[in-house]
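Below are structures written as structure tokens.
What follows is a pair of complexes built around chain A, which joins chain B in one and chain C in the other.
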Partner chain A sequence: MVDSKQQWKAWLYLSPAIILLLVFTGWPIINTIRMAFLEGYRSLEAAGGATYQIGFGNFTKVISYGKFINCMKNTVLICILTVPISSMLALIIAVCLNSIKPLQKLLQTIFFLPYVTNSIAIGMVFAAMFNIVGNVVTGSIQSYGIKNDSNRFFGGHWIDWNNVSSTYSSNITVMVVYIVWNALPFKILILLGGLQSVNKQYYDAARVDGTSRVRTFTKITVPLLSPMIAYGVITGFIGGFKGYTSSGGIFGETMGPAQDAGRLNTMVGFIYDSLSNSYQGRASAAALILFVIILIVTLLNLYVSKKKVHY
Partner chain B sequence: MKVELQHLTKIFPNRNKKIHSDVVAVSDFTYTIPDGQLVGLLGPSGCGKSTSLYMICGLQKPTSGKIFFGDDDVTELPPENRGVGLVFQNYALYPHMTVKQNILFPLQNLKGSDKLTKEDMLKRTYDVAKLVQIDDLMDRKPSELSGGQQQRVAIARALVKMPRVLLLDEPLSNLDARLRLQTREEIRRIQRETKITTVFVTHDQEEAMSISDTIVVMKKGVVQQIGAPQDVYDNPANLFVAKFLGTPPINVFNGKVEGGKLYIGDDAVLNTNIENDCEVMVGIRPEGFVLDPNGPMQCKLNGIEVMGRDVSVVSVNDACVAPTIRSIIDADNKPSAGDETVRFSLKMHKVFVFDKATEERIHYEVK
Partner chain C sequence: MAQTMHEKDMRLETSRQKIVHIIVMILLYAFLITMAIIVLFPFYWMINSSLKTLDEYRANVPTFWPHDIQFGNYAEAFTAANLGRLFINTVIVGLVSTVLSLVITVLSAFAFARLEFKGKNVLFAALLATMMIPGELFTITNYITVMSLHWINTYRVLIIPFLVSVFYIYLLRQNFLQIPNELYLAAKVDGTSDIKYLWKIMIPLALPTLISITILKMMGAWNSYIWPRLVANDAAHRLITNGLRNAFTESTGDVNYPVQMAAVALVSAPLFLVFIFLRKYIMKGVSRSGIKG
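On to the complex of A and B.
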């Protein structure tokens, strides 16, 4: 312990960080909670001297609001689809990368590139790859997009992924592909790090005992990596629930195909929309709901991983 | 199962561009390990003993030479088809499995006609656990075991599939001194009970001498001497072997032979039948010194260390390669601490003469 006479020095040295945290993190959190419980709060009116009653009005309004339910559905669906897929793919890619000797560093760099790329830019590129240029309804099409070109090359029919005639499921497919691709590098990185710290003798021991490759993977690699896998899944869920740029990157400001704007909006998207329409009370309530959902999912994850993560 | 090594050689390609030669880890190792023996590969680190073990195991491929288990040529076989059990230096127990799961694991890998029923697997697991005396720890995780217990689990895991050959890589190096003594007897007992041909690697000569039927002393990839521990101790082939075996270590002196007389410094200590005059190195085991007021060898007394049964006399002689000479004398017969000098006569069979240049042993008889 620091000598009590010296403690003021410690506080002095910590003060810049503490002040910044209080101003930019502490106060906003408290203020969010405050605004969420003030019925129908709007900051401009509040500045004009309006007063508000304390209550759950913002919450009930948000929950009964069709747009919010839709956003929540999108967010949950995307999380449930993308987290398992990206975790599984990342595990396979990491194991493969780890067993390749030549060009390993180069390949690692390539797989890490999406992480350092702007996600809006990636979204636009994905949108372009799936995009159809021309009039989908009349059929006068100039370009089908790379994805449809490959579909057609293998004899399939073209699909409208993100244009005016697109269906909800094809929209979700595009988003899932984009989010998985975007989420892979970070997961690969932590899994590869985990793999490289696994003692090689476990594999030698398994070899001497005549363990098949599949069994080595399921009985040794996966359990030994379980802490990293759990970490990847938990951060994946948190990231997924906070997702916003995926929809914005692919569909632009409309957060959905032109004929149905907002169809693929996410919870964070809903919060932004509410804020920009200066419904601060509603936005705060939605943010708190999102916080509680993330908290519950994370606790659930931790509970499961305590049973499954081995050491 | 006898294990036959024929001209076993392992060369690691050199990756350091500054040095142009490849690294020869093991060079022309030929030896047949008789069935049911416990053989210790002994040498300082980097002598190729572990590489030899891994080649027998199959985790490393020999550059040239052949390995036979009985009459089967296993040189090209992968480790899983050789029927070997390997105990790693740090045990390599799977941390996420219980003791029982660890021991069961090799049995669950068996395929085809070797496949066992669940009951058979459990029975064999419990039998081998009983053999190494860990049957009361079956539901613990490795992290909840002491070093000695982990070692036993590792041995059980290696034994459970009834290997033709058991291989142990530095089996005692991670244990404390007391446990080491206990475990090495344990290894000996298990080996005797199972009669499995066993090869183990160690850098500790005491460990190798105490439990091996045969020891193989290696240096820089080359086998120096093979024999029963006592024979190698009593009859070292060269200075390296003489220096490597024995605690306290052998005392080495610069000496010469002139007219058949063996000189250490200026003292003529023995009359030998060596005909050529030459410069030599003389090795004298600590127990080869006898206190004798009329003895030929004079040394300055430096101190006496009492060890109970014996005393260790520390003295100085200019011809000695090391700063001090350590001799072990019967406690009844120790010099008084006030003496300035001590005189020794030597037990002839504890005095070894080596060529100064080649360090090879020069055999002689006392006239």
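On to the complex of A and C.
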């Protein structure tokens, strides 16, 4: 029997959380869906008494909008490139870290460092490392930036990474390098945690059988780590689809090189741009599309990992 | 005879294994140290650049240690980006939202972990379900809400919408559940009030989780960028990340990079200090949450 004193006490303790959640989480879910299906909704006009038709107008407009397609292309491309690279690299680093003794703690701390950084601040460092000082078009270049200096040191040619004459692929390269650098710590942390809880007997058995290191890695380590790998991949995709600050850190508010603002904008960036221009209907539709994409990718990942993951 | 041959083979085999082992170890360390250097390089380059003169930074051949160390860049960065004001704003927002958030989280987690009430499980499941939804979906309506409340360019707008974190409630509830219920019943028999019991028993026992939440919350304020840019972009309330990005817009491509890097270093420094002293809590909190800030 639930006594009534506990009842009201519980609701009293929960009341601040519930009130705030109703206002800033519950209502937004309802309202955002509502706005998404009101064609061309703008909240200021709505406050002035305008009425809107119900329909899919916002969705069709968003999908046929060139800027949105560009944002989606950037987001998907960055996800497809960064998630596999960072997952593989993190797995290799974690396995190596796990098989050494001296310096392990120190190296582990170093590999975690990129996590405790400000994405915008370090994005600016990466931008500076790739940046060329001077006029790229006329060729009066003062400094090529440390990345190009090392390119030239090894006999390569300099590339305009993020300046006026830069190409899309070199922009994406800068982004991928930065995002992988930023994504490694979390993945290494969970993979190393997984490795340290693996039963040592599997490895002893493999050694007795004379199993090669490569075989031990593919047949023991990867299957036993598969839940953590799956977790890292899923959170990587979710984070990738919600990406925004890495582009803002490297390219600033223009979200692209100066001559082509918005070239590297992301889906989240599109939502915020629509919002700043007070096209709430369009922003809501884009947010719902993003939500559905994230849901599908997550379910897909879960489905694949259900088949492949060894528990 | 055959036996000694066999022993010799064995010895050869083990010494070969030893050599292979040493080579593998050398390769492992070489790989890990190379990766560590790559990971550290941006930090090193930030500090190196921040101490150079503009001319040295722009030199055609890069220098790996500044010839003429310019600590003045830091003073210039501090005034140029108005960092003092930004620090104060961020600390105010961070502290207030952390304290309020902890109170709300503790009370809610206590209700979910210790009290019985109708609809408890349904409510808890509903809360957990909201964690799947990307934050942008809330932001659109929240932006309209805070506009109609006339909260634009206030501290409130930076604090109140993010006070409740379902994830923190979940984390703390799990922690509270591990504390035996008998302690609570005994306290009830002794006539101890809930608040006193929370303060004397639950909070000390759940302290590591509370510290993790505090750190993540403070780091969140320090790193938040999108929402503050949208709703509080005036000089009086601007937060540190936003101010840093705004102070150096790269539209011309001709930025004073040493000063910019000094500002970046100043913004990054508190995070590193927190990390050095509270590494254990951060890594524990992060491995359970998987969210940044």
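Criterion: the second predicted complex is superposed on the first by the 302 of 311 C-alpha atoms of A that agree within 3 Å, B and C clash if a C-alpha of one lies under 4 Å from a C-alpha of the other, contacts with A are read in each partner's own complex, and residues count from 1 in each chain.
Basically, a contact is a pair of C-beta atoms (placed from the backbone, for glycine too) under 8 Å apart; a residue touches a chain by one contact, two chains touch by 3 or more.
Keep in mind it's a predicted model, so treat the numbers as computed, not measured.
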Touching partner for A:76 - first (chain B), second (chain C), both, neither | neither
Chain B or chain C, by number of chain A residues touched | C
Which partner does A:63 reach: the first (chain B), the second (chain C), both, or neither?
-> neither
Go through the superposed model and pick first if A:172 touches only chain B, second if only chain C, both, or neither.
-> neither
Is A:85 touching the first partner chain B, the second partner chain C, both, or neither of them?
-> neither
For A:115, decide between first (touching chain B), second (touching chain C), both and neither.
-> second
Mind working out whether A:209 is in touch with chain B, chain C, both or neither, as first, second, both or neither?
-> first
Kindly classify A:107 by the partners it touches after superposition: chain B alone (first), chain C alone (second), both, or neither?
-> second
The answer for chain B against chain A in the complex is residues 57-59, 78-81, 84-86, 88, 90, 92, 94-96, 105-106, 108-111, 141, 143, 157, 161
Chain C residues touching chain A - in the complex, by the definition given at the top = 24-25, 28-29, 31-33, 35-36, 39-40, 42-43, 45-46, 49, 57-62, 103-105, 107-108, 110-112, 115-118, 120, 123, 127, 130, 132-145, 147-148, 160-164, 166, 169, 194, 219, 222-223, 225-226, 230, 240-241, 244-245, 248-251, 253-254, 257, 260-261, 264, 267-268, 271-272, 274-275, 279, 282-283, 286-287, 290, 292
Touch list for chain A against partner chain B, complex = 199, 201-202, 204-205, 207-212, 215, 219-220, 223-224, 226, 310-311
Can you name the residues of chain A that touch chain C in the complex?
-> 2-3, 6-7, 9-11, 13-14, 16-17, 20-21, 23-25, 27-29, 31-32, 35, 43, 47, 89, 92-93, 96-97, 99-100, 103, 107, 109-122, 124-129, 131, 133-134, 142-144, 146, 149, 163-164, 181, 184, 186, 189-190, 193, 213, 231, 235, 239, 241-242, 244-245, 248-249, 251-254, 258, 268, 271-272, 275-276, 280, 283-284, 287-288, 290-291, 294-295
